[in-house]
Every structure is written in C-alpha cells, then in structure tokens.
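Each of the next two complexes has subunit A plus one other chain: subunit B in the first, subunit C in the second.
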Partner chain A sequence: MSLCEAEKTFILHGVAENFRVDGRDREGYRPIELETDIVQHAFGSARLRLASTDILASVKIEIDTPLPEKPFEGKIEFFVDCSANATPDFEGRGGEQLAIELANILTSAYSAPQTLDLRELCILKGEKCWKLYVDILVLECGGNLYDAISLAVKAALFNTQVPKINNMTIDGENVDIDVSENLLDCRRLNVKHAPILVTVCKIGEHCIVDPSLEEEQCMMSSVVVAVSNNHFSTITSMGSLHEETLFECLNLGHKVAVRLNQTLIETLEKMPQNQDVGFLK
Partner chain B sequence: MSQTIHIRTASQENRIRPLPSSQKNHRIFTPGEEVIKAAHTNFVRGHGTYEDDGDLKASVAGVKEQVNKLISVRPLKSRYNGQVGEVLVGRISEVQQKKWKVETNSRLDSLLQLSSVNLPGGELRRRSIEDQHMMRQYLQEGDLISAEVQSVFTDGTLSLHTRSLRYGKLGQGILVKVLPLLIKKCKIHFHNLPFGVSLILGNNGYVFIGPPINDKEGNEGGFVQNLEEVVPKETREAMARVRNCILALAKNFRMLFDTSIVFAYEESLKYNVHELLLPEAMVDVAVLTQQRLSMLENYESH
Partner chain C sequence: MSAKQQLINKIGLRLDGRRANELRRIRCKMGVFSQPDGSAYIEQGLTKVLAAVYGPHQTRNKQKAQHDACIINTQFSMAVFSTTDRKKRPRGDRKSIELSVLLQQALSAVIETDLYPFSQIDVYVEVLHADGGIYAACVNAATLAIIDAGIPIKEYICACTASLANDDVPMLDISHQEEILGGPTLTITALPMSEKIVLMEMSQRFHLDHLPKVLDKALEGCKDIKEILDEAVKDHVSKIGSATGWANASS
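== the complex of A and B ==
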C-alpha cells in the first residue's frame, strides 16, 4: 500500500495542527483490547489488539543450565513470527528481517538488570535455572508493531505461572528436581518493571506516538524507546535525528510509556482469572 | 482528556455483540449446507452453489437468492464484484502502456485505459504518443481516483472510465475501507454533506472523505491536486468525525448511505472525535442511528 501525495499532505497538516486523521492528538493512543490465558498448553499467554494490530504472545518454560558468568540468573529468549496472514508482505521470507529485528530489540530491552529480575528464575546456583521461551505471533499488522508486541509480552509474562519446586536431590553430578504435582501450585513473576516499547515517529516538525499504518508511511524518522521503571533500557532509531528532536522524542516516549505501563498493570491486576472466553472461542 | 489510554479486557461482558436486526431475518447458509434437497430436481445451479449427489449445496456463507429456477447463494463477505455503471474509488497500482492498473478491492486489478480518461484540454482530444509518455504525470502509483465501471471482462476484470467531470484524481482526504456489501446502491454516490464534508461512497467498499467541493472554480475533471492548501481545523474535525462514524457503522454491520451517515454524525456529537474510537461509543452511535433510521422508515410508510 502506498499513499498519494495529497493523502500524505493531509496527514502532515493534521499532525502539525495536533489533530490527526482519526481525531487523536499527537500523544493519543488508540484503544487496546487485551486478554490473557488463552493458550491452553502454555505457561502464560496473552493476546493484544491495538486497532487492527493483533499479537499473540505465549510463554513456555524449560529447565536449563545457567550461563557460567551468571550463575544466579535464569534465561529468557524471544522468538517473533510474522505470519503471512498479517500482511502479504510477510509471505515467504518477507517477514524474517522484521521478526529478527523485533526479537533483538526485545532481548536488548529485557537484558538491562533493572527490568525483569532473572534471579527469580534460578533453581540451583550454577546448575539449574528456568528458561523462558517467549513466542510472539503477529496475526495482523496495522501499524505500531513494537509497542503492541512489548505490551503483549508483558501481559503474557504477568500471566506466566512458574511451577514450584518441592525439593532437590543432588547426587554427585546429577541434580534431581521434584516439581510440585499440583498444577495450581505455582508462583507468578514480578513483571512490574518489564520494559514497554514506545515508537515515537517524527512527521513533519512534530513527534507522535502510536502511528497508524498510513502515518507510518509519512514519517521521516522514528525512535523506539524501551522504558522500565522510569529508566530507558534501550533506544533504537530509524533515520537520522537532530539532537533537539531526539530529546523531544525521548521525553514524549518516556511520558507515554509511564502512562501505558500504569494502565497495563492496573488492567492486568483487575483481570478476572480463569474465564472461559477468548478470541478463539 | 485524550491522554488517557484505554485498555479493555476481552471478557464476556465487554464483548460487543452484533446488533439485533430490525429488518426481516434472512437464513444464512454455511458452506456445505444443503440449499435444495435432491427431491426437488427442478432448479438451475447458480453462483455460490455446487451439486453433491443431486443435492444443491452452498459453497459460500451467505443468503439464498432465487430467480425463477436459478438458485444462487450470495456471500456475505466477499471481494467486490463489479457491475457496469457503478461508482468506484480505487488506487493506481501500476502504470503500463496505454493503461493504468487500479486496485479496487476486486479479485483482479481493474484497468483504466488511457483512451477512457478525460485529459486536460477538452473532451474531444486525440490521445497522442506524447500523452502515453506523460501518463505518469496524470496519474502515478498510489494516486486515488474515482471512476465508473465501463465494462466487465469475462475473467471478472473491470474496465473503468473517468469520462465525466465528476470522476478523476482525488485530492486531500481520508480513505476508509469497509465491506463492499455495506455500501447501499444509490442513484448518487457523490455527496456534499451539510456539515462541510464531501463524501464518495464507492460501491467497492472504499469511501473517500474530503473537504467540501466548490463547484464555482471551474472543475477540470481533476488531474490537479492542491497540495498547498491547508484544510481548516473545523473541516478536519468534521472529516475525522465522519470517518469514525463510518467505521462505527461498518463495524456494527449497518448500511452506509447519506442518511445513515448524517444521522450517525448527529448522534455522535455528544462524543469527542477521538472518543469515537472506543468500541462502546461505536455501538452507541450505531444503535442510535439504527433507531432514527427505523423511525424514519415508519414515518414514511404511514
């Protein structure tokens, strides 16, 4: 899809007037729909819909050996799949590049120490730890992928239930782990500070958040910031930016990320458990 | 106000249910469902059906339509099937020798021949070799046009024409895509709405919302776009509101035509424009519009 000059002009003028095509202002965010615990065989899952962007995230857990340099820490790995259902551009290997990019930015955002405390996932120092596999499926692509994915991941991690360990027997090299038989006997992760990505786009002279597909075509450059616990954990930019604009983008991104984080945590805490609905049902 | 971020849970009570229809209910057939039993052999197989052991079964999800012995199932959701004379909004996808390819939401890209456009400089002008070289300057990839279906080829490709001052390249505005079946077929598809918005309801489900058109400044059958002009804030607001109203109606499967859009606009005035993005507001606007439409219907029938 490509826009014509006149449409782009219209969007550009709208951003300049602080009144975008769908009536939002520059800081406005589109309504989000969220549900958790929808993949039966996963330890935690979430599905997030932001306008027409649709993301399914699920978390699986396995036992692994910690890295020698980080004996007290568990592991987390991200995998993004851009299905060709999302847009025809993802057909074949079309989505691969974007998928790798998305997985990399998530890895980098979660690698900062103050984000997700990986020590929670340690079972036995230097020997055993939990490894989280976060699989993300892009079901539909309607702009602002980064933000949507980070929100979905955070919701899925919030929903994740880590099994409890009753006891361990250490027999020389062998470590035998006895995981609690009771399926409900689990603990949840503390994801309060898990990072939130916010894409800030520069259109004309101004910066906006939550761009739609059309607006993404008009942008000159964009910055993706990952914010957790009031700190930036990762900043990536596409296109070049002036120093002043960069700071403006960072400020805006930070402001919106804090707001997003607060709303998300509130929603997740209020979310009813074990309900039998889902977009698949 | 618009700074608050809305995250809703997809729980049962939050789920948006389809509005009850006020019109008579149609039986919807699912693919593979029996439409006519084998015993009634007196039928002709139409579109959207297939024969299995002498039974007639639906191959698409839709409603049954019968013309004498011809039985067909019209799909509820499909790409656009063009008919001669319908008004379309499309986007140029390719410039070729003597023709443009236009994306019109049909199964195949439509064609716009160089010989079926009005070129600047008059109605009865010969299209020369120079015009062929200049094609990209008239219309280039990505440009939006309004056009009319001139003919339908055997494979379903549409041939378009813009040989009227109404049709041609579209200027600044918003394109909204809805299901083609939601566009009510009317005599007029070009509207100047009372609140200062012009609207083109393309039969193919593409709706173009633009600033009001002044007929005074001699319309040239549009190959000119004014990129300098800044659309004033009030117009912009009205356009955004119309856009959100159309999406609200479309999401709740209400027919789109001038009256329904005007009603929806009036009912939506209690909300701010950006609030209309919320599903609750969308349903509210659709319900109120439906009520006013049925009131109008009752009034007219008595």
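== the complex of A and C ==
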C-alpha cells in the first residue's frame, strides 16, 4: 500500500489534533477479538484479531534435554510464519525476514528470567525438561503486528496445559518418564508477568500507539517496548529519536502496556470454555 | 489384512461412526478476511483450511505474462502446528510443492483465464489442521475463495477422497486415521455438474475391477460437496445482498 502526499498530510493533521483517521485518540486501541483453545490438538492456542490484523498462536510441548548451563530450566522457542494469505509479498520466502524479526523480538522479550519462569518446566535437573514450541501464524496484516503477536502469545500461553508427570524411573543413563494419561490432569503456566509488546510511533510531533497500516506509512520512527510487571524487558527502536522524545515514547508505551495487560488478564480469566466458533463467526 | 477389515465393522459403521457413503461434517464461510479480494474457510471434519485469492492483477514478473490468458499462481502451505508431530517448516518441501502444482492444474480447468490477458491470479491456501483429505479441502476452499473474489469460473470444482474397505465396499471422505490404517486412497477433483474429472490421484493399488465403483462413489461425494458449497454461496450472497439492499434475505 502506498499513500499520496495529501493522504499523509491528512493523517498527520489528525494525529496533531488528537483525532485520528478512524476516530481514535492518540492512546486508543482498535477493537480486539480474542479466542482461545482454537487448535484442538495443540496444548494451548489463541486467535487474536486486532481490527484486520489476524494472528493464530499455538503452543506444542515436547520433552527435551535442558541446556548444560541452565540445568533447572525448561526451554521456549518462538517460530513465526507470515502466511501468503496476508499479502502476496509473503509468497515463497518473502515473509521470512519479517518473521525472523518478529521471532527475535519475542525471544528477547521472554528471555528475562522474571517474565516467564522456565524453572516450572523442569522435569529432572539437567536431564529432562519440557520445551514449549510457540508457533505464530500471521494470517492478515492490518498494522501493528508486534502488539497483536505478543497478546496472542500471552493468551496462548495462558491457555496452555502442561501434562502432569506421575513418576520417573532412573535406570543409569536412561530416564523413563510416566506422563499422566488423564487428559484433564494438567497444570497451567503462570503467565502473569509474560511481556506485552507495545509499538509507539512518532507521527509529526506526537506519539501514537496501535498504528494502522496507513499510519505505519507516515511514521518517522517507532519504538517497540516489551513491558512485564511494570518493567521493560526489551526496547527496540527503529529510526532516529531525540532522547527526550524517546523517554516520552517509553512513558506512553509503559502506560498503555500496563492497561493492556490488565484488560487481557481480566478477559482471559472470564473466557468461556469450549466454544466451537473459530473462523466460522 | 486384519487392519483393513477394521475399517468398516460388521454393522457397517466406520471408525468415527460414519457409514461408508457419508461425508464428514462440512462447515464453511466466505469472506473471512478483509484484505484479500476473496477468502474462504472450510472445515471438513477436523481438516481446516483457509484460502485467500488476490487478483486478477498485473503480473509481478513481466516475462511470465501471457497475451491471451492470465496466469494462475498457487501456493500451498501447512501451519507447523497442523499435524500431530510439529512440522519443521510450513512450505517448500516436496509435498507442498506437489500440492501447489496440482491445485494450479485443477483451478486452470475452471477459471475463465482468457478473460484476463496479461494478468495474474494468486491463490493461497493454508492448512490449519490436517486430518485427512487435505488436498480435497484445499480445492473446495479455493473454489469458495474464487467465487468470493468474483472471478468467473465455468462451474464449481470440488474434490473428494474415496477408498476401498474390506476389498469390497467403497467408502467416502477418508479421515487421517483411516489413511494410516491402510487401504488405497483415491483423490479426485471433478466438475460435478458436467461430471468431468479434472484430476485423479491414487495411492496404493487395488484391482482395476474395483476402480469404477470407487470412482463413482468419489464422484457422488463431489456432487454432495457441490450442493453444500452452493448452499453456502447462496447464503453468503443473500446476506451481503440484504446488507446492500438489492436482494431480500427472506425471499
């Protein structure tokens, strides 16, 4: 999508007057739809629709060996796939660069030990642990991918059920794990402090959150912050920013992230179970 | 041999409780996304597929442009979480490339390509959950998405799988479980109204004598699917129509 000069000016003026093209103010979010438990054979999944951005996140769990330097911790891996359904530009390997960028920012946001306690995933010190594969599928791009992906991932992790282990038998080198066969015998992960990404864009003199596809075209620079339990876990900025503006962006990002996090947790806790809707709605 | 006998039990029920000539439940929706020109979602049992259509638009690669027809570009991909064992990559493997080509051949048979010279139509399918009959679901989803995009086609194109149970009874719409248990799988892509077969693919062997009845069964399945898709299209159009005011939803 490319905008002409007049359209860009229109958006710019809108942001300056705190009344954006779609009627939001600078701190406003577009409507979000969230559904969990949408992929039947995954351990946890969520689908998030932020206006026209559509993300499907799913968590699969496998048994793995912990890293030698972190014998008490499980593993988490992020994989992003930009589907060609989103835009023909993603065809073949076209979406790979963006996908890697997205996966990297998630990895770094979740790498801080205070965000998601990976010790919960340890089965046997230095021998066995759970590995979470978080797979994210971008089905439609309507701007603000970072925020949408982080929300979807958090919801999917909230929804994840880690199987319980009945007992282990250690026979020399071999470790035999007896996983509970009862499907309902599971525990949830503690995702209270899982980070939320917020993209703050600078358009003209002002900073906005949740840019639409059109607004992303007009931005001069942007900062992506990952906020977890009132702390920043990652800050990535694109384009150049003055120090003062940067702090302004960080403040705005933090404020919005805290609000967003609270709303998400409240929504997830109230989420009705076992709805059979998915894409048919 | 014993595995094959289990495909249909003594009272004529299959593993998932269906009879030999029953399809799995099909649920579909057109226009799931706003950015593509056409999009559709289909569920056949647990197999779930999303399709998106972009175009007709100018060809991206000028050299490929044809002066008398549009080119159809397809891409098949499977979400890494679509199978029970996590896949390494969503596309680019042999199976995906083969299915892309098969889909392209099937769609070339129905799209009125000569109406759009120097253009291109992109059809992308994404499998969200694979539970047997992936290719069939992809073709059906692509048909709906093409109709949603308003691209002229000759008629519906539907695909269906069929198999032979107990070396005797033809059965329809094979699930993943039945695929694994053995027995040949015949996938056909057909134009159900003119009863033409566009594409036929078979795995494993069975005696030539059995082919006509299995083929007949699969064709019957295609016709049934066509009815379901037709219903969905009419439903969608009347909804859209009543919103814009040119059609009355009740009539």
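As a working rule, the second predicted complex is superposed on the first by the 279 of 281 C-alpha atoms of A that agree within 3 Å, B and C clash if a C-alpha of one lies under 4 Å from a C-alpha of the other, contacts with A are read in each partner's own complex, and residues count from 1 in each chain.
Following the convention adopted for this analysis, a residue touches a chain if its C-beta (ideal position, glycine included) is under 8 Å from a C-beta of that chain, and two chains touch if they have at least 3 such contacts.
These numbers were taken from a predicted model, which means no experiment stands behind them.
Within the superposed three-chain model, A:33 lies in touch with subunit B and out of touch with subunit C [touch as defined at top]. Once the two complexes are laid over each other on the shared chain, residue contacts for A:259 go to subunit B alone; subunit C is not touched. If you count the residues of subunit A touched by subunit B and by subunit C, you find the higher number for B. Residue contacts after overlaying the shared chain place A:183 against neither subunit B nor subunit C.
Of the two partner chains, subunit B is the only one touched by A:4; subunit C is not. Taken together, the two complexes place residues 278-279 of subunit A in contact with subunit B and also with subunit C. Chain contact summary for the complex, subunit B toward subunit A: residues 2-12, 15, 91, 140-144, 170-175, 225, 227, 230-231, 233, 236-237, 240-241, 243-244, 272-274, 276-279. Within the complex formed with subunit C, the subunit A residues making contact are 39-42, 45, 52, 54, 56, 58, 60, 62, 79, 81, 83-88, 91-93, 133, 135, 137, 139-142, 278-280. Considering their complex, residues 1-7, 9-10, 13-14, 17, 19-25, 27-35, 47, 49, 51, 259-260, 263-264, 267, 270-272, 275, 277-279 of subunit A touch subunit B.
Looking at the complex, you find that subunit C touches subunit A at residues 27-29, 32-36, 39, 41, 43, 46, 48, 50-52, 54, 60, 73, 75, 77, 79-81, 84, 86, 90-92, 122, 124, 126, 128-129.
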